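Each of the next two complexes has subunit A plus one more chain, namely subunit B in the first and subunit C in the second.
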Partner chain A sequence: MKNRLATLIGIVWLSAVIGFVLAPLLIALVVSFSDSELISFPISSYSVRWFATAWQKEIFWRSALNSLWLALAAVAVAGPVGLAAALAIRRAPPAIAQPIEAVLMLPLLVPAIVLSLSLLVASVITGITDAPLRLWAAHSVVVLPYVVRTCLASLGSMPRQVEEAARTLGASPWRVFRHVTLPLMRPGLFAGCAFAFILSFDNVSVSLFLVNQKTPTLPLAIMNYVEYNFDPGVAAVSATMVALSLAIAWLVERMVGLRKVLG
Partner chain B sequence: MTSKRIDATESHWLALPALVLIAAFIALPCVGLLLLSLSTGFRPGDGWDALLSGPLGLDHYRRMLGDDFVLGRLGRTLAISAAVTLLTLAMGVPLALACWQTRGPIRNLLVYASVMPLLISIVVSAYGWSVLLGRKGLINETLLSMGLITQPLKLMHSDLGIVIGLTHILLPFMVLSVLAALERIPRALLEAASTLGASRWQTHRLITLPLARAGLRSGVLLVFTLAMCAFVTPAVLGGNGTPVFPMVIYEQFSASFQWAYGAALSILLLVVMMLIVAGFLSVSSPKRAA
Partner chain C sequence: MSSLALQIDAVVKRFGATTAVNNLSLDVTQGEFVSLLGPSGCGKTTTLRMIAGLERPSAGTIRIAGIDVSAMPPEARDIGMVFQSLALFPHMTVADNVAFGLRMRGRATDRLAERVREALDRVRLSGFEDRYPDTLSGGQQQRVALARAIVTSPAVLLLDEPFSALDRSLREALTLEFSGLLREIGATTVFVTHDQEEAFAMSDRVAVIEGGRLMQCDAPATVFGRPSCTRVARFVGMSNLLPVTKGTDGALRCELGPLSLVADARGVPPAVVGFRPDDIRLADPAPDSAGLQFSARISRCTFRGRQVQLELTPDLAPGHSLRMLAESGSPIPETGVVRNFLVAPERLHLMGE
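Moving on to the complex of A and B:
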């Protein structure tokens, strides 16, 4: 009897927690389909017009393109660089591999505010103040640990013998990499890059200091917009972003499993 | 050379590009920030030569430690972080236990729900909360129409709003830390406990949670330090004059152009963070009888 009551309390609490986690996303989703000029409750009629209206606003589609290019550029750096680093870590003896891996996880330890402020200061005192360039640098280094981590995870599940066999049979290191290692770790690499893409696309705390306010990234455009506007347009833009994030998360889950990427 | 241990030494260089990235965009800028916090003559607009050759001193640190406004904000940030940590514990531990004990689609649902805030841009989450918590938000409108309140509650633009928003985005870190530790516990232990007549609550209190202690510890540290450094969620949900410490740093750079002072404040944030981590670890580490 006491046991059953405890179970019941547990289930109620868990449902409340899950409701709490999903509430802000669900409300953005619901509001994005509202038909009214301003956000108000209860929502009287539904439509998809805010999706069209919002994405026609130059500030949103232009900043979405900025974010897209930025994320692709960051992945273009972090992908190959992270892959190479993972290969080195995997082959090195632990005494070398562990410190390298620890250093490569630094972007996860340094708070975003310190990371972006120090880059801002560095960019100003060196005179290299081009906003896209410094955003590119910051995003590449911020997403790097995730690529390294997923590549290491998929290298870890690959038996060493396959590479050694290819090597013994006379293949050059490059051929071993090209025809044995890379095909076997492709899911891990892909998942790492996809996750890195979405992290860069969604990022706001690192971009905030480095961005040029006239050409913001999408999350910053949203942040600026909600300061002065209270229409469902932002909800529609947010809902689109959520859909993109979830699609990529689903892909990552299919390829290697989300848990491996998140650590 | 036999090719048995392939490329053991010849492949170290592969890590070089990654290390160069970290050095160029993390290590050097951080050293620059430290230098800036010590420089007494630096003005915005000066170049790196001015920074390297200018006079150094502890002026900014001295000013900072006598600044009641700064210290007050720091204290309030620590209080908010503590509240967020307690809330993520209360929510995250049962969630992690549930993820660990269920199977199949329910488990997937629970795991997805718990990592959801990590997958969504924090701007989107903050926006969702502002729709819920605002003066004319769903919660206030519902309570007003039910007649439970006569005045809208100040849920947003308050510390409560910041705590709610931060708890939401940091919950996944708690769940993942605890779950990782739980997954290392052999299931046979639980079966043994239930065979011996322990209730579920007793099993958790006496066996599971003590064994998952390392996960609880890392979850608490992660959430607390991330909460201390967060500023985007507090900026949206806390409104103008957001009382968190990172916002004070932000203002030195965006509004008052006191860069060196802002740099010193950033270093203070890092130092406080490290002290808390060290203090917490020394208090909470299990004392091993050798």
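Moving on to the complex of A and C:
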């Protein structure tokens, strides 16, 4: 009896958590298929017209492209840098590696708003006032910890001594990296880059401080839009973003799960 | 000199303030199987890693096939190595694991598949080419690791406790199989182990290392029967060790009484006499000859199945405690009783400190 009660409480609790987390998302998804002029729930009739309408608005597709390029550019920096940092952290003596790792993880711990303000100050001090350039730099910094984390994790799960074994079999350090280390890190690197992409694409706080009016990112465009409009178009754009994130997450799951194929 | 596959000359390795390997010299001839035997932390693995080039010696030189490799990186040395953790490449098939060394060294590019097949054949793993290492059993992974190391026919093959992760019966079977196989292909092998039986069973010579120093390097039977010093003696189970003094007449004696030795044991500079627990016998039936005879009280008696372990307190040296092993079938005196014991002359071994 006691056990069954515990199970029941567990199920209720789990459902509540899932519902709490997912319900708003689901409502946005449902609303995006609404046919009405204003956001309302439940919806009376279905249509995909808001997807077409919203994505035809220049502010959305242009900012979506901005966000896409920004996320790709940030990953292009954070990927190699994170990989190199993870390799260096693992090879360095702990006395050096631990502080460096801690510093690289800081963007995860510092409140987003504080970090954003710091990055703005940094951009002013360094004189990098070109909005796309400083957005690129800031996003690269913000997403870097995720790449480092996942790369360190895959280095940690690498079988001991494989690199040394490769050396004794005649591979130079570069070929060891090329044929052994990198293939074994690929799942971690890939997952890290995918998360980094999503985080950059969804980022609001950093962009908010560093963006200029001419080249907003998609999340900022959505924020601006809902200040003056309340139609299901914004839900349609959001739904597209959710779909993109889910697609990437699914891809990661596939790729990391099928490690052998990747290797 | 060309028959020397490996020459280690006065090699020292320091890690900060500690000296892991201290002035170690060892020559290995072509086709020979030498074990580095010692307790964990004695420097045997460090020595092996220096041969492989994974550690740089602080001093001394290492030659492989006559070439000074002391300053060469591992990939430039003609070696093969089997690691304790095996270190198979999990993202490669068995065939690719084995082919890795050939590919990296740019050897046999036209006969690659053939060489890989031969190597897998030798370790009896034909048909496993396309499997991934994590789908194999421990023993099969062991075989892949060996095939990967021997496929390039290295001048020296290095084995770093490759069996330590296996259970006892599999370990014994593989020990015999591998040593047979390595002899067959004429591989020059340096084998690191802390397991005496393994070392004795596989090796032409056993190098006993302790505290970073080479204590003795001889044929297994010699190391076991005639240890050169007390540390080797203790390590191979010769646990009864007594200091020796030389009388004015030239006769040797220890605290328990005069020693009478077989002729060939006299050459050694006398310092300590040693004998094994199972070399002590009751002297009750009048002895034909005794190397050492003494009276002792039995202070403890422990039943160990096939054997009974006795602790003896000699009358003449009550500070010492001798260990004796007797067949559990034979009549054994009770605890507290004083009896006469003897050790046969051929069982007494003189050695240095």
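Here, the second predicted complex is superposed on the first by the 233 of 263 C-alpha atoms of A that agree within 3 Å, B and C clash if a C-alpha of one lies under 4 Å from a C-alpha of the other, contacts with A are read in each partner's own complex, and residues count from 1 in each chain.
The criterion applied here is as follows: a contact is a pair of C-beta atoms (placed from the backbone, for glycine too) under 8 Å apart; a residue touches a chain by one contact, two chains touch by 3 or more.
Note that this is a predicted model, so its numbers are computed, not measured.
By the document's definition of touching, of the two partners only subunit C reaches A:Pro183; subunit B does not. Which of subunit B and subunit C touches more residues of subunit A is settled by the count: it is B. By the touch criterion defined above, A:Pro159 reaches subunit C but does not reach subunit B. In the superposition on chain A, A:Val48 contacts neither subunit B nor subunit C.
In the superposition on chain A, A:Arg175 makes contact with subunit C only, not with subunit B.
Using the contact criterion defined above for the overlaid structures, shared-chain residue A:Arg167 touches subunit B and also reaches subunit C. Overlap of the subunit B and subunit C contact sets on subunit A: residues 164, 167-168, 259, 263.
Of all residues in subunit C, those touching subunit A in their complex are 52-54, 73-75, 77, 79-81, 83-85, 87-92, 100-101, 104-105, 132, 148-149, 152, 158.
For subunit B in complex with subunit A, the residues that touch the partner chain are 3-4, 6-8, 10-15, 17-19, 21-22, 24-30, 32-33, 36, 44, 46-48, 50-51, 91, 94-95, 98, 110-111, 113-132, 136-138, 141-142, 168, 171-172, 176, 199-201, 225-226, 228-232, 236, 246, 249-250, 253, 259, 262-263, 266, 269-270, 273. The touching residues of subunit A, counted against subunit C in their complex, run 159-162, 164-172, 175, 179-180, 183-184, 259-260, 263.
Here subunit A touches subunit B in the complex through residues 3, 6-7, 10, 13-14, 17-18, 20-28, 31, 39-41, 77, 80-82, 84-85, 87-89, 91-93, 96, 100, 103-104, 106-107, 110-115, 117-122, 124-127, 137-138, 140-141, 144, 148, 163-164, 167-168, 173, 176, 198, 201-205, 208-209, 219-220, 222-223, 226, 234-235, 238, 241-242, 245-246, 249, 258-259, 262-263, going by the rule given at the top.
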